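In the two complexes below, chain A is the common chain; its partner is chain B in one and chain C in the other.
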Partner chain A sequence: MNTTKSTDARTNSHRRTLKRQQTNQIATVVITGVAGLVVLPIILVILYIFINGIGAISWEFLTAKPRNGMTEGGIMPALLGTLLLTFGTGIVCIPLAIGAAIYLAEYAGDNRLTRWVRLAIVNLAGIPSIVYGLFGLGMFVLFLNFGTSIVAGSLTLGIMTLPVVISTAEEAILAVPQEFRVVSQSLGATRWQTIRHQVLPHAIPGIITGVILGLSRAAGETAPILFTVAAFYLPDLPQSVFDQTMALPYHLYVIATQVPGMPLEIQYGTALVLLLLVLSLTLIATVIRTNMRRRRDW
Partner chain B sequence: MATKMTQPKIQVQDFNFFYDEFHALIDLNLAIQQNEITALIGPSGCGKSTFLRAINRMNDTISGTRAEGVIKLDGEDIYAPDVDVVELRQRVGMVFQRPNPFPQSIYDNVAFGPRVLGMVHNGNLPQMVEESLTDAGLWDEVKDRLKDSALGLNPGQQQRLCIARTVAVKPEVILMDEPCSALDPVATLRVEELMRKLAETYTIVIVTHNMQQAARVSDRTGFFWLGKLVEFDETGTIFTSPREALTEAYITGRRG
Partner chain C sequence: MSALPVTLRKRLRTLVRDVPFDAVRNIQWSLLDWREILIESLIRLAGISSIIIVGMIFLFLLREGIPTFLDIPLRQLFESRWYPNEGLYGMWPLIVGSLIVTVGAIIVALPLGLITAIYLGEIAPEWQREILKPLIEVLAGIPSIVLGFLGWIALAPLIQKLGAPTGLTALTGSLILAYMALPTIISISEDALYAVPKEYRDGALAIGATRWQTIRHVVLPAARSGLVMAVMLGIGRAIGETMAVMMVTGNAAFVPTFGADMALQPVRTMTATIAAEMGEVAQGSMHYHVLFGIGIMLFLITAAINSLAGRLVGTSGNRRRGGQL
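Now for the complex of A and B:
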């Protein structure tokens, strides 16, 4: 009698275990499936653009100016313009962002300035990009009288990029073990020497990652450059930083909506070049970050 | 262990220390003598490490802390308003509980202090590095791999490297915060021998949880309890005939 009871109990418990395992398997499948769904859109977008645009890509497409009302020729002025703007954005954003990140991570106490800086960063991140464009128009193009120019566009994009770069750079700096700072200061190093020699060298890969991610976003933005720098069509390349330039995202917008009889292939080709440019920046950032994680030895 | 009549290296007078509202050190009075090893013992949280970090003002880096009273180094109050903390930390070096070399080469670890303090002239850096490593008893083990990462050394070697790094800036006092607690007995013994040798040049203050270590290496011992210095005397006296019952209870309790 006793034995039967205990056998029953064991069978019941066995059944329960089976049921739990089944549920577990279902959960695994569902969760994996959902995660897979996230990958799907990006693959589809890339494939779609690639298949439709690859035919347009040629050496001439990359190096020639547009011809015949932009319906023929290449995208060289727009590509060059975007590279120039990305570079300009870096010049504006990198010193400001790294300075702010060092302040926030190393110097900031709980005071009013710190709270204002953090509030500013959060709000900068929340501003729609078209508002940056309007701000750039009012501030740089008109008030500071830079005109519609590479300077005005770079400043606008640079400010827009600040929050991303500041946050990633601050994280990278905070990730350096506190111990390094303590030891360095115990040896008589000043705060700045400590930051310079024992903190920044370890944070640099993370900071670079943030910078590249920020720049890749800037490279693809249309709204901020709409009123500040981008030209519909220019017969000549910019001669100085106070000239307008064509730029890939705006060029894409123009040929997709404003030019009648635009061959689809050129549109997709332009989109593909922009996509590859941004993706390769992101890829570089990822490689640097992976390398950094592997090399980190504390 | 002659009782010196000269001015003590470090003179502590009515020293109090607070973490916000918490009164961590209460009315400390003691004198630390030149070229002696002073051991600080007591249970965890009794304030001995806080006191140690008060001597090179590393507590300053923690927000919400406050010091009252006087700690004199060679007769000068290190908490006076005009004191340069950076210079103080050069004179009062520190070795930490966990061996914590920078993730750099052995050479760069030792060279860091002299470099940032501007002690390098006419290419004397290699010689300074060699001297420091020799002082720390590590030169022979690492002289052929100075460019290798310091993290490849074993914990005992790493801790001696940290000592070399501290010695390299030519301090007058070396503070050691449980320097052997992460080391095995053999490595511990080596560090203890090293401390005896270093005491010929430097004044050493060591915090330790290890009674035997305090008894073996130190000239004087202070017993901390709940933020107070219960007893401070020559090490022999503390361990054989302590004045206070509390001291005896702690020492014997831990011995068993």
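Now for the complex of A and C:
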């Protein structure tokens, strides 16, 4: 009697263990499957655009102006415009972002001001891109009277890019061991000398990664440039920084939705060029970061 | 420093470690000359520039948008007719449109994102993580206009086959948005899972829990506040998205009739309205001011979400430093 009871209990607990393990296995399979479901389309999306767009890409496509109501020819003015804007974004954003990152990593104390600065950065990161566009229109285009111009667009994109670059640059600076600073100070260096000669040289790869990531974001943005710089179609290239320019993301929007009878191949080709431009920047940033991690010897 | 031989550097490091923590943290610096004073003030200025910029953004939105709220009775602003040409600025359809698309996106993206984060953080072997994380970063890097283009040209025809009159519907917008919000949700959820101390998992496994039980009953509850933050920032990301949404939601400024096929009706979001109409309005007209007014609302909504999420970061940070569950 006694023995039967304990055997029962044992089989019961055994059964429960089995059931738990079964649930575990099912859950693992489901989780793995869902993760695959999320990741696989990323590859498919890129492949899809690549396969459909690669036929349009030619030397002429990259270097010619659009012709015949944009249904023929190339995308050179838009490509050039995006490169110009990306460059301008860098000029606006890099000094300001690195300065802010140095401040946060090296100077900021644990006080109310620092908390406000961090809150401001979090908020900047969350402001919708179209609101940046409105701000650029209100401040740079109208108030400062730059007109719809490369300057206005670059300033808008530069400000939008700040939070990304600040946070990656700050991380890179914080990753430099505190010992370096202590030793530098003990040798009689001032704070700025320490930052300039000990901290920044070690942080620079990380900072560059952040800058490139930020610029790649800016290169692909459409909403902030809608009212600040982007032109539907321009027969001539911009002559000065106070001119409008065509830009690749907006050009894609225009030829996809605003121009009837647009050959599909040109649409896919434009999407592919934009995608490649942005992804190659991301790739460069990733390579720099991986190299940096491997080379770091502290 | 990097020129020092490794052994010496290691010895230096142990030496420094023995110094009391405060001495290492608060180094006493001396200033040398005016150039450094200048550089340091520039750095401090750059530091507080973010505050100034947020302030300026809000000021300029107010400057152009305030007539909306002064000249139009509040009740009219929330009516359901958006006919700017006739002077009717009822924002209700736009608010509902943004709401439907955002909620739909989160419903799709949250489970997918959370489960992917669980896979990356708890199940995937190291080599898979090395591949998958950059891949998700790639998704975050794809310009929204490219995803919008895909939605317009590839996804919309599929949705049309589901029985919608056109493929440009709230559902199409939600799906594209969900995909765009995924990287945000995944990376923040993963951080939250990562912040759960390893001892918790070890403890659960040691008393015989399976891996799923550990995840379900130990890791997820401990990561709760971080997961809430992931949802909030995902919402913030989705509600502010413009171009992709404008391309695929059909842009009809009507309140969709409530029902089963609500998702298959075209809608128009707040962001898309600004993007689509700002190019055509006369500067200084009421329509122009109202579009800035919508911008003010978007600014306030995202600011509220992000400030709240920022506060959550603070609390989960405390927990990481060895607080209690």
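Some notes on this structure:
The definition used in the following text is that the second predicted complex is superposed on the first by the 259 of 298 C-alpha atoms of A that agree within 3 Å, B and C clash if a C-alpha of one lies under 4 Å from a C-alpha of the other, contacts with A are read in each partner's own complex, and residues count from 1 in each chain.
To be clear about the criterion, a residue touches a chain if its C-beta (ideal position, glycine included) is under 8 Å from a C-beta of that chain, and two chains touch if they have at least 3 such contacts.
Everything quoted here is computed from the prediction, not taken from an experiment.
Of the two partner chains, neither chain B nor chain C is touched by A:I51.
When both complexes are overlaid on chain A, the residue A:I130 reaches chain C alone and has no touch with chain B.
Of the two partner chains placed around the shared chain by superposition, neither chain B nor chain C is touched by A:V29.
When the two complexes are superposed, the chain touching more residues of chain A, out of chain B and chain C, is C.
When the two structures are aligned on the shared chain, A:L187 is found in touch with chain B, with no touch to chain C. By the touch criterion stated above, A:Q198 is placed in contact with chain B and with chain C alike. In the superposition on chain A, A:E179 makes contact with both chain B and chain C.
After overlaying the two complexes on the shared chain, residue contacts for A:L144 are found with neither chain B nor chain C. In the three-chain superposition model, chain A touches both chain B and chain C at residues 179-185, 190, 193, 198, 202, 297-298.
Within the complex formed with chain B, the chain A residues making contact are 109, 179-190, 193, 197-198, 202, 297-298. By the touch criterion given at the top, residues 20-21, 23-24, 27-28, 30-32, 34-35, 37-39, 41-43, 45-46, 48-49, 95-100, 102-104, 106-108, 113, 116-135, 137-139, 142-143, 159, 162-163, 166, 177-185, 190-194, 198, 201-202, 213, 216-217, 219-223, 226-227, 249-250, 252-253, 256-257, 264, 267, 271, 274-275, 278-279, 282, 286, 297-298 of chain A touch chain C in their complex.
Across the interface of their complex, chain A is touched by residues 56, 58, 61, 63, 86-87, 89-90, 93-94, 96, 98, 100, 102-103, 112-113, 115-117, 149, 151, 162, 165-166, 169 of chain B. Per the touch definition, chain C reaches chain A in the complex via residues 1-2, 6, 9, 12-13, 16, 19, 24-25, 27-32, 36, 39-40, 42-51, 53-54, 56-57, 60-61, 63-64, 111-113, 115-116, 118-120, 123-124, 132, 134-139, 141-150, 152-154, 179, 182, 186, 210-213, 215-216, 233, 236, 239-243, 247, 271, 274-275, 278-279, 283, 291-292, 295, 298-299, 302-303, 305-307, 309-310.
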